[in-house]
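Next, two complexes with chain A in common: one pairs it with chain B, the other with chain C.
Here is the complex of A and B:
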């Protein structure tokens, strides 16, 4: 029996987080909102705006450093703030479900999918047969074609999207009244995230589950949420039906966020990077095939991932590489960079190739400062500069990427995601490459940082003339930046040529699929 | 199933190869270190001719390779030759001392597992609170005390003050198995204490890390109680990462037992080894070293097998974590 009326009411919620020296810092400020029964409420904001804290406060999973100062959280008529930790944990399994952003380690690696899910059922009613049937049915509901097989698998044999489906299946098995989805699609590719959002939508419609959907991309939720609230620095700046918010945002911040998540090339001031007539080839591949090696016990095997790849990139071009997850984009990038040996075919490079990767957190060494990273990059490129030349050179590069002298001495953890990615780009520039390969450089960042990194890369391409190969699943970005595009599917390049032509008139089925996902607004 | 059998065969071949290498190095090392076995056997008064005659009789004048092969052939049959100082076959001597050392090591391992796991689980629940701080400090102190000093303190405490343990009394397992276990209890505990501290420290850190991990958060969102999460998720995952550490601890335990035997006056391999060294009894020495090395290799082999049994990622040839 689902609760009628407002399933969740948050009134004047204030929350503080203790700093490392013990002083409390206000994170959420006087938050008031409600979730109606059976609706999807979008919660949008940049990273650090307090979205996840709100989710954790409602679910009762706050860390020991966070403290609710005042306000109440009324769920189905009961005030959660007054409940004990034990009662709240019970509620979490019964009525409130929560799924998180990164599915990669959210399942116990030592247990099969079924065993991971069975804990939800076994703490309620014990019947094993019945439990197995329910799990299989639920896996089917979330879109697995062979649920019996999936149930027997271990998490490391599932892709990111499959793991997120398993987690959603877990949340749905509890049949909660409220599901909190904290950026459930941010780490997934376009096609997968579209299917995940559809799945959540169906759960809302068919099972009557209310959903609090958290995202940084305002544009992505426009067709998906009934109402949207926009958060900035712990306060709600906009709160309305999604139609009204998208049509005429009340606050300037929402308008800016909307502009950034739409990635309007004119407003961002970027244009497609194009090579000049008769430009030489800087990077090309001929009949390139590669895969990754794995050991089945000690039995070494190679699993072919990309087959017979041919392309040519001319100096000054900005080329997009698109495709759904698992199509071999990253393997291709690794093979070009020489991090992976090709099984056949060749890569021709004219000059140095530098790379920027998706996750700026793990691609920088946490023990060293930005200066150290730049020195390493300089060493790697084989150039030497005297001590007196080095410092001004680094400062100039930092200025080029939009950082300043003070960042030279910063450690990675002292910078935001966008700043880290800028530092990674600075490392590329230090090497004076002829080509920069950027493998999903935006997807780990929030909308504002995304926009600034896109602008930066585009400027490097159009103003400095550095050739770019951008790997992304975001067609909007590719269209704004790249004059040419390569479409990959199942390890092969299925389509290539002029970006505008291909995206307006796609011939390959894979391109159609990607475009369809974009229509959905992901 | 075929691949499982194959991989088991490969593992066994690896094990045999390691054993071969270990035996080779043991033999070579004891052949090149100074000291002449024939001279030691005959004493300082023997003439050069007598020594030379004995060398020929023992086959010591043959080239190294020939000697190694014949030694290996004998060793494969379990024959390490005759001990010079005891006049008994080396295999028999080792076999008679093995129950002490192995029994002690096993009991010590049980102590380590039974004490460090619950202690780490308990401390990792509220890291930094008073219990955690007290136990962690105690662990550091225990870790810092050398086993022989610890042994003497415990003998003083349990034998002299409380009179509940008779130090230096040993009963063979064939005579009275219960008394055998009791006689090994305190020495095993002495070996185990620093290792408990070490394993505890490692497990505590790994459990704290896992308890902040994503899959524990998922389990919480599924409504599981803290106790269930500990038993079902945190302990098994920490166990995987601790298998390697525990196999290291075990070979340390073997090493530690050599010293503790001396203090407790137990007739184990350690005392045999010491007397073999002091009397330049090369056949005995190389036999014992080979035995201990084989046990260590076997332990690493077992730890590989156990890791693969618990962790599906290792079975698939991927590194854990």
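Here is the complex of A and C:
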């Protein structure tokens, strides 16, 4: 029986974290909010604003370095702050569910999906048959067409979206009153994000679960949350119904966040990169197929991921590669880059190909400075510059990407996600490539960093004439930057050609789905 | 209780304990109150007193002077042994992790085979075959400990291979040897540091054990293990012969464990 009224009330919550020398630093400042029974409350803010700390404080998963200084967290009429760690641990299994941001690290890699999920059930009841049925039913509920097969798989054989569904199934199996979803869609593509959000919405309505939905994307929660709370530096700056927040934000911060998250091409000053008449081909693929090899005791087998891919990119073009998660975009990119051997077909490259990857955290080597990275890229390109020429050259490249001399001596951990991506782009420019392949370079960044990276890549394409292949979920960006687009579905290119024509008049079902997701603001 | 304050205590206690052994080592290099091997039949079995602060042994040798001299062998064997193990383990672990396949299998089968046997037994066999000498002890201990480091390097290398910056290096066609030693190796320091510290402590225990059995540092050179072996017949009548070398070993090993605990807790704090 679900609790009626305010399921969660947080009153004047203050929280501090101990830094390395033991002095406490205030992270959350006087937070007061509530979650009504059966509602979805969105919690929005830039990275480092205290969203995850709020979630951890409610769930009781705070680290030993964190301390609640004052305030109370009332869940179903009981103050959680006063409860012992053991009592809170019980609540976490029974009444509060949590889904984390990174689905790859939240599942035990050595256990199958079923074993992972049965861990949750075995805590509460013992019957194996009954448990299996419940797991299969729940996997069906979260949208798997073949739940029996999925149950037998190990997490590494699932895509990001599938893993996130498994985690949601795990949370739903506990039938909690409150589900905390900490950026569950930020690592997923538009179609998968939309389906995950629809799934959460259905669970909220059918099972009466209240959801605290944390995200850094204001647009994404537009049609999804009942109310929205905006956080900045540990305090709540806006707290209203989502309609009001989107229409009339009370704080300047929310208004700015809204504007940035819209990624308006006119305001950013970007245009579509197009090849000139008679431009030579710089990158092409003919009948390209690739996959992953695995061995089952006797035989080596190949699990084909992409099949018979054909495309041609001309000099100066900016080409977008779109498709839902698990469709084979990253495998295609890796095969083009030579990181994955094709099983058949060929890739023709005319000149050097450089790459920018998705994750700003691992895009640069944490043990070395930006200068070292640029030197390494210069060395790799086979060019040599004297010491006196090197420094001004690096400074010019850094200036081109919007960084300055001071960043040369910085280590990756001393820079923000956006700055790291810019440094990774600077590495590409040092190599003077004919093609830059960018695999979702902005999807893991917050709104303001996204805008600057998009502008930078567009400028490199249109002003320097470097050919681009951009993999992205964001159709708005693809439309603004790319003159041509390749649409992938189930390992094949299902549609290709002029971006405007395809997005206005799509013929493939996959393109329809991507466009539909965009309409939801995901 | 503040966890970082707790970890600082480990560092302070650990450093203080190791500082004692290092002070003995440095003083022993330039000065000892008596000759390390000078015997004096008139002052056999003297209990600690103003003249001989750690007492004297069955040959009238000053225990304090011998403790000062023995510190150099303890430090030399532990550091040189770890250096050998680290060098071998680094190269094999990186090669196995980076290239995988058959090379990985061969290296892992070899290192698993070494790890199947008790380390001290293998070291004793190696020294028995090649003859007891300081350099053979160092080589033997290095070989015995190398698989431990190789395993740490191998698993960490495999983990790093999927990172974007390593993929980026591969795309730039950087030489694999350079990727291993310049791109991957510096990122493994945090994993390898605790293994090195524990390796130093274990190496010291092994060296003392081997010297105790007469297969380590050879007489007349002083080593704590050999001093303990010589003293065991007089354990009851002259307990100081056991107590002081034991205290030196305890100081060094306990100090290393405290520092490894500090490294562990501070890394855990850092990762959060």
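Operating definition for what follows: the second predicted complex is superposed on the first by the 519 of 522 C-alpha atoms of A that agree within 3 Å, B and C clash if a C-alpha of one lies under 4 Å from a C-alpha of the other, contacts with A are read in each partner's own complex, and residues count from 1 in each chain.
The rule is simple: a contact is a pair of C-beta atoms (placed from the backbone, for glycine too) under 8 Å apart; a residue touches a chain by one contact, two chains touch by 3 or more.
Everything numeric in this text was worked out from a predicted model, so none of it was measured.
Once the complexes are laid over each other on chain A, chain B and chain C cannot both fit and instead clash.
Legend: residue contacts after superposition of the two complexes on their common chain; A:18 is shown touching chain C, with no touch to chain B.
In the superposition on chain A, contact of A:89 is made with chain B only, not with chain C. Once chain A of one complex is fitted onto chain A of the other, the partner contacts of A:359 are limited to chain C, with no touch recorded for chain B. By the touch criterion defined above, A:424 reaches chain C but does not reach chain B. Look at A:70: by the touch rule set out above, it reaches neither chain B nor chain C.
Contacts of A:376 after superposition: chain C is touched, whereas chain B is not reached. By the document's definition of touching, of the two partners only chain B reaches A:120; chain C does not.
In the superposition on chain A, A:32 makes contact with neither chain B nor chain C. Clashing C-alpha atoms with chain B appear in a single stretch of chain C, chosen from 44-52, 116-124, 152-160 or 242-250: 116-124.
Applying the stated touch rule to the two superposed structures, the chain B and chain C interfaces on chain A have no residue in common.
Those residues of chain B that touch chain A in the shared complex are 3-4, 6-7, 10, 213-215, 217-225, 228, 232-233, 236-237, 240, 310-313, 315-318, 320. For chain A in complex with chain B, the residues that touch the partner chain are 59, 61, 86, 89-94, 97-100, 102, 104-110, 116, 119-120, 123, 154, 156-157, 167, 170-171, 174, 294-299.
Only residues 18, 20-22, 63-65, 334, 337-339, 353-355, 357-359, 362-368, 376-377, 380-381, 424, 427, 431 of chain A touch chain C when the two sit together in their complex. Here chain C touches chain A in the complex through residues 2-5, 163-165, 167-174, 183, 186-187, 189, 266, 269-270, 272, going by the rule given at the top.
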